[in-house]
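Chains: A, B and C, in written order; residue numbering restarts at 1 for each.
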Amino acid sequence: MKNPYTPYPVKIDEIDIATEDKSLKTFKFVFLNKADEDNFSYKAGQFAELSIPGVGEIPIGIASSPIEKGFVKFTVFKTGVVTSHLHKMKTGDVMGIRGPLGNGFPWDRLEGKNIVIIGGGFAFTTLRSSIVYMLDPANRNRFKNIDVVYGARSPGMLLYRDELFEWEKRDDIHMNITVDGTDDPDWKYNTGFVPAVVEAKIPEADADTFAIVCGPPIMIKFTQPALKSLGYQDSQIIMSLENRMKCGIGMCGRCNIGRELVCKDGPVFTLEELNLTPGEF
Amino acid sequence: MAIEDTNMEIIKIKKSDWAGGIDKSRKTYHLFGPVKHKNHHIFRQLENNIYPDMEYMSSVLSPKSVLFPQSQKILVTSADASGKACHIFTPPEQDHTPRAVIGIRPCDAKAVQLVKLNFDTKEYQDPYWCSAFEATTFVGLAVNTPSVLDFSTSAGSGPFAQEGLDVLLVDCKDHYLAKILSQKGKEFLNTAGFNEKEDPKAADQVIQQMKISAEKAICSVIQTQHLKKKTVLELYEAPFWEDIAFSCISCGTCAYVCPTCWCFDIQDETQGKTAVRFRNWDTCMPALFTRHSSGHNPRGEKIQRVRQRFMHKLKYFDDKYDQGIMCIGCGRCVEKCPVNIDIRDICNLMNAYKPEKESDAGEIKGEIK
Amino acid sequence: MNTITKNIQELAVSLLRDKTVDIVIGFKSGTVPMSSVPFVAKTTEQARTFIWDTHCRLNLANYLTGRKEKIGIIAKGCDSRNIANHIIENKISREQLHIIGVPCSGMVDKVKIASEFTEEIIEYTEQPDSFVVKTASQTKTLLKKDYLRANCSTCMHPNPVIYDQLAADRVTEPLIENQFADVNRIEALSRDEKWQHFDDLLQDCIRCYACRNACPLCYCPTCFVDESDPQWVGKGTDTTDIRTFHFLRAYHCAGRCTDCGACVEACPMDINVRDFTRKLNKDVFDMYGWEAGLDIKNRPPLDTFNPDDPDEFIK
């Protein structure tokens, strides 16, 4: 019987400070055993438990992309006991990763469709994974248009800045980077909140379009009416949720929303599915 | 592996032979059973000179701890940075030699089957629970005199129910009739040297008669027939939750005494140079259960948590697994809740609840008096 | 219906009818013998379901924390002392409350009653000084005074200390020669015997925290056992962690505990949690002559500093 609680041992290979306020760091892990890397085969939108023995575990979305081999990456916001401890760790330290967990984005359903990606703040990790996956030459023709709106408080709070600006230059993805505000006179992208940019820049829905929305609750709240006004049905709006979790495998009981277990049945749901639940997230 | 009724075997165990058989079985099985302790009975592992108290009515905590201890080490590793395996977690040695639970009430055995739906799934198997389950033989004791709080017959079980049992013992004053329900059960009785076969037809008739009178003695019932067809949201938004939740003090008593509650917490501790990961029983009643590290809490209010408990047991569970409600009517929470929140009343309220129609708006339905 | 029940109902109905208060907090009858349920009445109809009997053991002051409405509350002696505590500790204001005081003749101990019978109790009926208990095969009449809870039998403040109205005439306040005889017995034990006593006491604790949650004093926004950063206490069943919880909780209640017994009442494992709080109540009484919650003017001694405070214990 496979033990789903035993983490794969990994070594921290690289740590990048991801935002100007240093509250987010990107950790690149390599597996100590090659076979574990093969077993850790994941889809964009899944998450894993980062496991520090003696400290605890924390569920974090996978920021690297399935096409990136030899490592996995996670961008972690420093907030509780485990993440604070992780932020103090150094390259070369050994810890564990348990996963991949959750359903990930519904790639079967997304194939052949226009994809709109809307992200805000820290919640761009699995979206980054998805974009890298879709832009891979082997995958790009499996999707139609890709439109992205990504916003943060300020330019220095945008995750994965180098990649964002590279994607800006491409013609097979329409980037709309935005910040709430900036005093940088050279800022050449948008200013304004995500919902407003969505309303102004995102194409109207047709039957072949899906929008994936990840962000803080306030952004999600105001993005929904924006998408609605563009004709998106609830079944075309895909969201990834976070709830307090422990086991990550649907057993410990705390992440449920009605009968759905966010860790196992989710974390990705359509708005249509969520409308049938008590909305406890 | 259930044994077909046509091959039914019923063994007679004279009470004078009981202790001897139990002693024989100890050579192969770790025994667990009800033991009188202070003012109540508890289920625990039985040392060699301790026998299960077969006269017990109910145990204050359910026997779920035999498979799911309140606190269990699940992973250990060295925290000594100089060692090679430092910070690489592995499961500790587990004892999976045969064990037998003697005298478990039928409804508590059914509860194990409900808990199994959580720990033994298509995608993941909890190795600790599943291995313990595999190793365990459930020797049940039919309840001849049900408690006034027993509502098992209307909660998918009953005083003589067989689901989840390997043997059903029926107390017939000077002897037990032992109905063999599985291969595991047969092996246990063999090991104990209980092999006096009764005419299965005649013995089963005796059991059936006793079953009928025990079921008749049950005076407490719940109604569940309408729960399935109601929507989650209509029950969730029903007006009665605020009144139900008022008295709740958010302790975990109901969950801890419940045989079907399986929620747990995972905690790490460093003990000297060893890092240990534990799992501990947890409960949905305190706010901490769902609080995010940001401070946001999807069930921060007591009313949300009380509603979660009953919606989980009586609605979400059946919607998810299609196996009835997540309650087997043992009555422990009814007896032990410090503020007498009674699942029977709540179940009946939910079952009878009809959302207000536009036309009779203003009339409050389902309000607790 | 007994007279106190009738009076409580009438007073509560008129408070709600006149809109003197928005809600009234009291007890209604439970669904199993020897139980009661804390209950909030918002309508006069609901107020007619209030009851009063010898099973109103919990402390209703516990339900005041954080409420914003104008509240009517039924209070026996100990409840009223905890209401006074709440007022002193700024958890609620006196003006927000209309207290219906109930002079109390003591609550009975359901565990003690149950231990008299081998069978399950299926019916309990109350008479002024006695009660009738029925099991499947027998019926017994027992005297209330023989089955009072331990804390009620040493209670010297059965009358509410603050109230707006009374639901019955005041009762005589007993003078008890040594109200801490139980503590003396434990104090007289040797070190090893004491250890054994408390080990045995906590043996069954399942850390459900019902004792803490039933206690009107335990209103900390985050209890120390629930803190994760730093984590003071492990969360498993290690005896050190269990002891730490009970010891610290008791110390946190020193000089504030009214010995209402709600902790014991709530404990599903029948642990006499009062063994801890009683010792501290005695120490505070011996050192400061203080009993908690007797008025709304004086703060508890451990909450204030006085140059004359006893300091012999500092070594």
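Note that contacts are C-beta pairs under 8 Å (C-beta built on N, C-alpha and C of every residue); 3 or more make two chains touch, one makes a residue touch a chain.
These figures come from a predicted structure and were not determined experimentally.
Colleague: Quick one: point me to the chain whose Cα centre is farthest from that of subunit B.
Modeller: Between subunit B and every other chain, the largest centroid distance is to A.
Colleague: Across the interfaces A-C and A-B, which one involves more C-beta pairs in contact?
Modeller: A-B
Colleague: Taking each chain's centre as the mean of its CA atoms, how far is subunit B from subunit C in angstrom?
Modeller: 32
Colleague: Quick one: report the Å distance separating subunit A from subunit C, using the average Cα coordinate of each chain.
Modeller: Inter-chain centre distance comes to 50 Å.
Colleague: Which integer distance in Å separates the CA centroid of subunit A from that of subunit B?
Modeller: One centre to the other, that is 39 Å.
Colleague: Would you mind listing the residues of subunit B that make contact with two or more other chains?
Modeller: 265, 267, 269
Colleague: In subunit A, what residues contact two or more other chains?
Modeller: Within subunit A, residues 80 contact more than one other chain.
Colleague: Can you list the residues on subunit C that touch subunit A in the complex?
Modeller: 228-229, 231
Colleague: Using the touch rule from the top, collect the residues of subunit B that touch subunit C in their complex.
Modeller: 37-40, 42, 57, 60-61, 70-71, 145, 147-149, 243, 246-247, 249-253, 256-257, 265, 267, 269, 278, 280-281, 283, 286, 288, 334-336, 338-342, 344-345, 369
Colleague: Touching subunit C in the complex: which residues of subunit A?
Modeller: Residues of subunit A touching subunit C: 80-81, 84.
Colleague: Using the touch rule from the top, collect the residues of subunit C that touch subunit B in their complex.
Modeller: Residue list for subunit C touching subunit B: 30-32, 35-40, 45-46, 49, 58, 62-63, 111, 114-115, 120, 122, 136, 204, 206, 208-210, 212-214, 226, 234-238, 265-270.
Colleague: So in the complex, which bits of subunit A are touching subunit B?
Modeller: 1-7, 9, 32, 51-57, 79-80, 83, 93-96, 217, 242-244, 246-247, 249-259, 264, 276-278, 280-281
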